[in-house]
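Each of the next two complexes has chain A plus one more chain, namely chain B in the first and chain C in the second.
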Partner chain A sequence: MKALFRSVGIPILSILFALDIWMIFFYAPMEKELQASQKIFYFHVAAAMTAFLAFTVAFVCGIGWYVRKREVWDDVQVASVEVGLVFSAIVLATGPIWARTAWNTWWTWDPRLVTMTILFLCYVGYLVVRASLSGDARKNACAAMAILFGINIPITWLSIQWWRTIHPDIGGLPGTRLEPKMRIAFWFSVLLFILLFIPLVAIRSRMERAAKALRALHRERLFGGTE
Partner chain B sequence: MRDLLTLVAKDLRLQAKTGELLASIFIYSLLVVLILSLASAPVHGNMREGIHVIASTLWVALAFAGVVGATRVIEIERRDDCLKSLRLAGVSPSILYLAKTTTNAILLAGIQFLTVPVTFVFDDATTFAIVPRLAFVLFLGIAGFSAVGTVMAAISTRAGGRESLLSILILPLLVPVLLGGIEATKTLLAEGAFLNPNSIFWLKLLVVYDIVFLAVASLVFEYLIEE
Partner chain C sequence: MIHWATIVTPLTRIGLTVQDSESDAAKWPRGFGYMVAAYAVVWLILMAYFWALSRRARRINDRLDTLLSDEKVKPAGR
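Presenting the complex of A and B:
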């Protein structure tokens, strides 16, 4: 699969990303007020949606692990959490850059910003715990965290929204009120990010499986296969 | 139900005998209250700001006390394989979880019983008539803290971390409780009752949060105490 990804996946993704950048900068029209700074939106929102998708996958994997104790649930779970963290880092990095030009401030206590930050911090905690445990205890603890954090996200989202009601209304699904060409570029970006997310998770979960197999081999050699 | 009561009684007797835990957490939250009141001293005299300070001081003190309390209550059982013995004695994991949560809640309630008057004195609260209603809000908050604290402490103590690891895990999870608690307390201090729909809404959020996390955590707790 790795070879397939190298020979087919990377070239295709590269071409698609080049196309995406062309669409963002040349195909989609320039925003009237925000000018070029609005272009970051195509990356920012796409990364945010992918991050939410990643943590949802981790949540489902958490349940999956408790229902059917199969290793694959744990592998995919850690993979999605890590990839999700990367995408949330993109969101948190691009957000303030845009906010500085659009709102004239790096940071504001908008529900979206706070939720994303909390989300990020939760899953950093997840990785800290994961690093200090091993074996079944680790899988159980991680599944529990993936589930509890997963439930917490919508609650946090709503509570912060109600706490700060001043946030700009985006009116339903993101992108529905965009100019048609912008909308096409936007959804293309989103799909592309998700398309990038899938092989990343697949590769990372294979790495996790390989790491586990390696550890098992080590143990076998140390204890003469009596385990 | 009898198991639950027996376990709670056991834990409380244990705490009552030494008194060390209660005393140390109490001093700790007292210091938190003192420091936060000191840090915001300049706003005293301003009614609206004053209310804000009291509400946030109370809840931050509760959050910190909750982190310390939850760790200790679980740690006792980790020592000398007590958890295993309890499981061998035929206690169901959900009952064990509920018992630990109850003990935690009772301890936190005890701490609040001592901390609230001190906060009122330090921060110059005008009325004591709201105390029953305040107790109700605090009860909802304490339930949330204990529900999340107990399950996360089971993870953090297993990972060999103590309060620092637990705070990484639960403080982001507790954002809805903190927001809800602070907002409800603020309206209570300003109006003396839960009259406006805003505070009713926050109370509902707290109730929903408590129920959801108690339910989910009691389901996953079983896997977290397996050795």
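Presenting the complex of A and C:
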């Protein structure tokens, strides 16, 4: 599996990334008002949608853990949260860069910006709590947090419709009001980010499983299987 | 280093500060420097995460190797 990803997955992803960059910069037309800065949109929104997907997966895994109590739910949950945080970081880093050109400010207390930042900080808190606990207490607490913080996902997504905001709302599902070539480039970026998300979660959850096995082995060697 | 400076300096002049001449505006689309900065940030964040993942994987492997070689396993504190 690992060898297959290395020999096939990485080259395919690299080619798709190159194609995406070509589509964003050469295939999609230049927007009349925002011009080059509009090109930030393709990665910014794609990263945001992938982050929402990642936190939704963590939410489902949280429920899965309480229903089945199987380790795989916990492994995939932490992997999704971590990868979701990476994509959220991309959103929070590229957003202000775009805002500086469009709004003439790096930051404003807009509902979408604030809810997205709260979402990001919640999951940072998740990782902090996870690092400070161990055993079943950790798994239970993390599953509870994944479920609780999952409430923030629809709030963040719908914040531009619920409250007065200056954040662009391009009509329901992102990309639906775009010019056709822009729409193709945009959905290609979304697809690519999701394609990147899947192997990252798979790799990270395998690492979590290996780390748990390592801890168990260490305990067994030190205490003869009892703690 | 010189090449890097020759590329970055014009970009920052155009994108990250107020354009001060019409000729610059004609050469570069609006916000070009910001766009480059945004994509550089995306690249850096992804690369930093890949680096962190590979480092963590290597550490797990090293610890496993240490643990599996019996003579090196000692209870903590001894």
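The rule we apply is simple: the second predicted complex is superposed on the first by the 208 of 227 C-alpha atoms of A that agree within 3 Å, B and C clash if a C-alpha of one lies under 4 Å from a C-alpha of the other, contacts with A are read in each partner's own complex, and residues count from 1 in each chain.
The definition used in the following text is that a contact is a pair of C-beta atoms (placed from the backbone, for glycine too) under 8 Å apart; a residue touches a chain by one contact, two chains touch by 3 or more.
Nothing here was measured: the structure is a model prediction, and the numbers come from that model.
Visitor: Identify the partner contact of A:A47: answer first if only chain B is touched, second if only chain C is, both if each is, neither if none is.
Guide: second
Visitor: Quick one: is A:S37 in contact with chain B, with chain C, with both, or with neither? Answer first, second, both or neither.
Guide: After superposing on A, A:S37 lies in contact with chain C but is clear of chain B.
Visitor: Go through the superposed model and pick first if A:T108 touches only chain B, second if only chain C, both, or neither.
Guide: neither
Visitor: With the two complexes superposed on chain A, say which partner A:W98 touches: chain B (first), chain C (second), both, or neither.
Guide: In the superposition, A:W98 touches chain C alone.
Visitor: Could you say whether A:T56 touches chain B, chain C, both of them, or neither, answering first, second, both or neither?
Guide: Neither chain B nor chain C is touched by A:T56.
Visitor: Have a look at where A:N140 lands relative to chain B and chain C in the superposition and call it first, second, both or neither.
Guide: first
Visitor: Have a look at where A:I160 lands relative to chain B and chain C in the superposition and call it first, second, both or neither.
Guide: First partner only, chain B.
Visitor: Across the complex, what residues on chain B touch chain A?
Guide: 148, 151-152, 155-156, 158-161, 165, 168-169, 172-173, 175-176, 179-180, 183, 201, 205, 208-209, 212-213, 216-217, 220, 223-224, 226-227
Visitor: Per the contact definition, I'd like the list of chain A residues that touch chain C in the complex.
Guide: Its residues touching chain C are 30, 34-40, 43-44, 47, 86, 89-90, 93-94, 97-98, 100-101, 200, 203-204, 207, 210-211, 214, 217-218, 221-222.
Visitor: Which of the residues in chain A come into contact with chain B in the complex?
Guide: It comes out as residues 66, 114, 118, 121-122, 124-125, 128-129, 132-133, 136-137, 140-141, 143-145, 147-149, 151-152, 155-156, 158-160, 162-163.
Visitor: Which residues, counting only chain C, touch chain A once they are in their complex?
Guide: Within the complex, chain C contacts chain A at residues 28-32, 34-35, 37-39, 41-42, 45-46, 49, 53, 56-57, 60, 63-64, 67, 73, 75-76.
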